[in-house]
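Here come two complexes built around subunit A, the first alongside subunit B, the second alongside subunit C.
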Partner chain A sequence: MKMKSPTAMIPGLYLTLFFAYLFGPLIIMVITAFNSSSFPRVSPWECFTTDWFGKLAADDKLLAGLGNSLLIGVGVVCVAIPIGLAAAITLSQVGPKLRAALYTIFIAPILVPGVVIGLSTLIFWDRIGTLFNAPYESFFYDGTFLTIFGQVTFIAAYSMLVFLSRIQRFDTTLTEAALDMGATPTQAFIKVLLPFMAPAIGSATVLAFLASLENYNTTVFTIVSSSTFTTVLSSKVRYGLDPSISAVAVIIIAITLIGAIIYECRNRYNTKGWAHVVADRPVLKVATHPGTVAVILGLLALAAVVFIQNHDSSACTAQILEDKRALQQKLMEEQSLNTPQQTVPAPTMPNLGPLGGDEGGASAPSPFGNSIFSPENLGTSAPDGQ
Partner chain B sequence: MTKEISLEHVWVEFGEFTAVHKANLNIAGGEFFSFLGPSGCGKTTLLRCISGFQEPTRGKVKIGGEDMRGVGPNKRPTALIFQNLALFPLRSIADNIAFPLEVRGVDKKTRRKRADELLELIALSGQGDKKVSELSGGQKQRVAIARALAVEPDILLLDEPLSALDLKLRQHMRTELRAIQKQVGLTFIYITHDQGEALTMSDRIAVMNKGKIEQIGDGKAIYDHPTTSFVASFVGENNVLEGTVLSNDGQKMQIDAGLGTPFTVESHPAGGPALAPGDDCHLFVRPEALRISKDESSINQFESNFVTEEFEGNMRHIVMNANGKDLKLSLINDGTNAIDANAPVKLDFAPEMGIALKPGELASA
Partner chain C sequence: MRDLFYDLVRRNGMAVSIYLMLAVSIWVFLLIILPQLTMLDYSFRFNLPPAKIGGPEDVYTLEQYRYFFQGSGASDGINTLDIGILFKTLFAAVFVTVFDLIICYPVAFVLAKSSAGAKARLLVLALIVPYWINEILRAFAFRILFGATGVINETGMGLGLWDTPIDFIREDVALYAGLAYAYILLMIFPLYNAIESLDRNQIEAARDMGANWWQVHAKVVIPYAKPGIASGMTMVFMLTSGALAAPQILGGPSNLWFTQLVYQWFNSGGNWPRGSAYAMVLLIVCIALVLLVMRLFKVSIGEIKQ
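Showing the complex of A and B:
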């Protein structure tokens, strides 16, 4: 094989780096979901475990948050899509001056920081509620309601952008033709414009739902005393992380992948070239049908769930724990031998802080000395994450 | 069933701009009527007034004697064929044709039956399940017509439907449109900027310019006896000479066009504006009316010099220069019309072929 010149390798190198940058974090996260280490990490590898999925399934707070998020997502789609569509239709029908002004107004919520939208939504509905002397149980103070309204303000604008790009390609004479042929304006809308907009409605729905699901800035204010998936996750990050978060990521990635694969299969299956290929190969035709692909992927997912439920790593984790205890024991003995004059009592708990517990940190001299700021002190005073 | 249409003093104004200027005309039931004019002359606006997409600022549009003000396009007995045809791209051919029935709540079976009938009429039987994108330009054209005919309208309005087709197909569709019109017997109102289309298909033509109807008449009247300078210069090729009327006895006129002896032309028989001695005028002579003088003493003779020739096979289009004025000349290529390029050539035209009109706006070439 001929050696490639260095400049010819640059695009390949760039691509490699690009994909590493794009997918590296995801891959790492997926791996951490199966490591028994109690902090999400890849090395040192302890045991292959599926316990984090079990822990996730038992996490009522996260599941409740997820339920809220899905509910809010559906609510946001139901409200934002019609509003976005109406805005796009309006923009496509008004004169150029009014269009510029309206466009700025419609797009403004995207430019306003989410925090501001969240706060102002909260205050606005609180004022309205106060005006009507509504009790605290009323919807004016309900987190789900407020979050839907807060998110709709900018997600409707996103979906409007999606609709606008499609509606600009709409031939308005089609509506006129429908009217001319006796259709009422409603019939013209339903039978001509809506079918044309259908692909945009589909993508706007997905976009709106995902934007709602992942939103934090606005939601954290408007959700009030309730919680969503993102707020639960963020509080987890604040109060101690464990690999069940990676398990969530694995599930989300799996769902996305399955969806994307089925979608792509459907697209390829419907191309003319493929129809030609499978014309006289009935087996291949059935095998590549998106339905078949969906069933296979579904079965795979089901198998994964069964595997996760039945996999038992307790023997390995017990072994690891035992090793750690032994190591700890050894380190403690070394420490007491090396520093007999130390007045501070040696830690009695196994010093296995989340970061670098295996080194123990004992053999290296601490740059902080034995002051109150010494990291060793943290290990003893902080409540153990395990 | 056909209905007559009358426009009574129809004005359409968009702010300061007057798109239609006091249009007044009657179109009989079953007539093939064309509006001919350059783009921006208001012909499409007038069509939109008839179809209901535009309300006249003043005046009345009557269909079958009924005032149509306030009646929406979906309630009028008209069907419009759009310039771009406006076929629904997401529907099959049959669904396109059956659309007017669908919105009227006709059941699926009847719809399909009617669509098949119409497909037969336009010679596309058995192709109802095809997509619009699978048809050729001419086929789309016919589908648009079939769709317009699906609910048996009284009046079919056509807005330059042939402009997107290539020349051959356009000529073919002209004949076909005319045949369909004869077959179904509807009133056709046809909008075009192509005089060939207007002249070949129409029973009558209204020539429009800048929102005004300049002349209404059949093709022959419009071509042979234009009543305004605009019509004379817009419909067909024409040479225009500026001159002064020397005398007018109601039968013949003497006109000095600065080319030697005064020309003699017939006074306008179609009742155009009368010209009095001393008036300025435009004298129009068609390229095919100019000929090379065969004898020395013929009437309306003048000298000219050869400039250039365009050879078109059956015709020779020659440009001659007479006293600084370029004149176009179309001669049949039958070998009898040799022109000496280096010597002055005498040209003439028959008195009935010269048309003297009040000076007015000329159509830009």
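Showing the complex of A and C:
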């Protein structure tokens, strides 16, 4: 390490802090998805609940948006991958001067703000549509098509970068050998270059699909009157914070983690060192096979889904609600005692005493109770408003 | 152009060459250049109802740009509001970029120079995972974190650091933290790639000749990693200044990001030419700033990669 002994811990400590910044917000978001409080938060903890997932499954808008997003993602992959591949091959075959110029043009869509790409796409196709006097239902005005065009503009550049880093390692003598042995240039392309590029095509496809799914800046302009998963999510967030959004995050994080674990297992499984370790241990070999890991994780996910469907927190939430009501009653009682001339009979009050522990209730500020029952001053023990 | 095509045909055959040329042309012209030119053209026009487009009133004008500089008032006024938002956006983007550079440089250095094999791969994977989470959700996470009853406020008040909840949203703290978070990966990877290729012996040599850790970085590592630093900073700056989701979710009610102005003119304003003009202003100012900084640090745009 570059540091001397007393400071040798600094890099590790720094990395820990850094990863805390990276993962802390996500972890807290995950926790809020299981709190029954109607505002996403960790404290005060009310009840462990899985109801927010149920609310999510009933959200038709979000599901429709997800459907559109998947469709657009497939469309983007189908267009962006061939373009990115062609761009990378072209770059590898032209002279240095043209190469530099082309590279600048190809890389530009990554640097141009997504907002600009989105609205220029929208305007351009609108103009073309007007030029051809196309009816309003034609694809020039269709959100799905426009979004595919807009996203391909920069996602093709991402995939080009993936292809470029692969093609730089391509041994051109392979193509020459194929040509010498009588292959036509087209055959050499299909039989030699394409198979070499296959792994890059795989990773570029995944990258392009994910980039398409999570894009917002461009999509929000080009989607017009339709919607995608991201735009629905964004309007949900902007019109009211709700733990069901945290539930979305839980699902996405779970999928991401499963993907990452399987990917890492596959990498580790394919290393030489591991092949030696499992050479004479068939059980270990099967157990660490990425397929096995995938099955185990799949079963765990399934178990989680079943648990979420069957978990019932209504008793606890009812209890919390009862506590809040009791607290409210208590406060009203105090208020009416403070102002004796205004005698409000409260017949149900005595019954509520044993139901909700007053101390427990008082420590939990109620976000909605306040505004419903009491206008301003509740008394000295009133919990602070949010 | 013809020579180029013949060269491609000789190497790849007719069918493949047609595919290459067609795919690249569609991308460059239909998706990149023509839409940008149309937007440029649009920004020099009046906002007319569809019926009047192409009619005698559809002439070129500087009105949309004039509005950006002077506002709707008298001709000698200055549109301090919109210009102020532009400057605020640029300053904030620079701040976020520098912040990202400062926190990412040590991480990239440690990752590149002291981790190897499985551990390094795992750390890199850990860096990528948060980036796969939707941008909206990452902003939402910061909303929860910094809210009036969020974890930060609860912890701060619990420790007695402050008494009443601090409005981090209004103070834009949440926005800056969220933006810095959103583009961290785009800073780490160029830095990591640049530092990783540095020969360890160079650092050893510098140390043998009596350089302390600070000099090793200032004289050896940073000059070597300059292209990586430049591309990381460019990416983060461009993406931050062009961000829309995070400012919409985390921005204070009275503080607008410049992209939100563009969005407003397009959607609620219904004024596409003015939205185009604002987008052009943003694009030109950002590119000019990036080119200027690259000039200062003597890095070419060809060195930028992800």
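Simple rule for what comes next: the second predicted complex is superposed on the first by the 324 of 386 C-alpha atoms of A that agree within 3 Å, B and C clash if a C-alpha of one lies under 4 Å from a C-alpha of the other, contacts with A are read in each partner's own complex, and residues count from 1 in each chain.
Definition applied: contacts are C-beta pairs under 8 Å (C-beta built on N, C-alpha and C of every residue); 3 or more make two chains touch, one makes a residue touch a chain.
Nothing here was measured: the structure is a model prediction, and the numbers come from that model.
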Message = Just checking: does A:Ala86 make contact with subunit B only, subunit C only, both, or neither of them? Give me first, second, both or neither.
response = second
Note = Chosen between subunit B and subunit C, the partner touching more subunit A residues is C
Request  = Quick one: classify A:Leu22 as touching subunit B (first), subunit C (second), both or neither.
outcome  = second
Task = With the two complexes superposed on chain A, say which partner A:Gly202 touches: subunit B (first), subunit C (second), both, or neither.
result = neither
Request  = Have a look at where A:Ala177 lands relative to subunit B and subunit C in the superposition and call it first, second, both or neither.
outcome  = first
Inquiry  = Between subunit B and subunit C, whom does A:Gly67 touch in the aligned arrangement: first, second, both, or neither?
reply    = neither
Ask   = What is the contact status of A:Lys191 with respect to subunit B (first) and subunit C (second): first, second, both, or neither?
value = first
Message = Considering only the contact definition stated at the top, list the common interface residues of subunit A for subunit B and subunit C.
response = 184, 187
Message = Under the definition above, what is the set of subunit A residues touching subunit B in their complex?
response = 171, 173-174, 176-184, 187, 191-192, 195-196
Remark   = Listed in rising order, subunit A residues that touch subunit C in their complex are 1-3, 11, 14-15, 18-19, 21-26, 28-29, 32, 39-43, 82-83, 85-87, 89-90, 93-94, 98, 100, 102-117, 119-121, 123-124, 127, 130, 149, 152-153, 156, 158, 161, 164, 184-189, 210, 213-214, 216-217, 220-221, 229-230, 233-234, 237-238, 241, 245-246, 248-249, 252-253, 256-257, 259-260, 263-264, 267-268, 386
Task = Would you pull the subunit C residues touching subunit A in the complex into a rising list?
result = 4, 7-16, 19-20, 22-24, 26-28, 31-36, 38-39, 42, 50, 53, 103, 106-107, 110, 114, 118, 121-123, 125-130, 132-145, 147-151, 154, 181, 184, 203, 207, 213, 216, 234-235, 238-239, 241-245, 248-249, 259, 262-263, 266, 272, 275-276, 279, 282-283, 286-287, 290, 301-302, 304-306
Message = Going by the contact rule set out above, which residues of subunit B touch subunit A in the complex?
response = 51-53, 72-75, 78-80, 82-84, 86, 88, 90, 99-100, 102-104, 147-148, 150-151
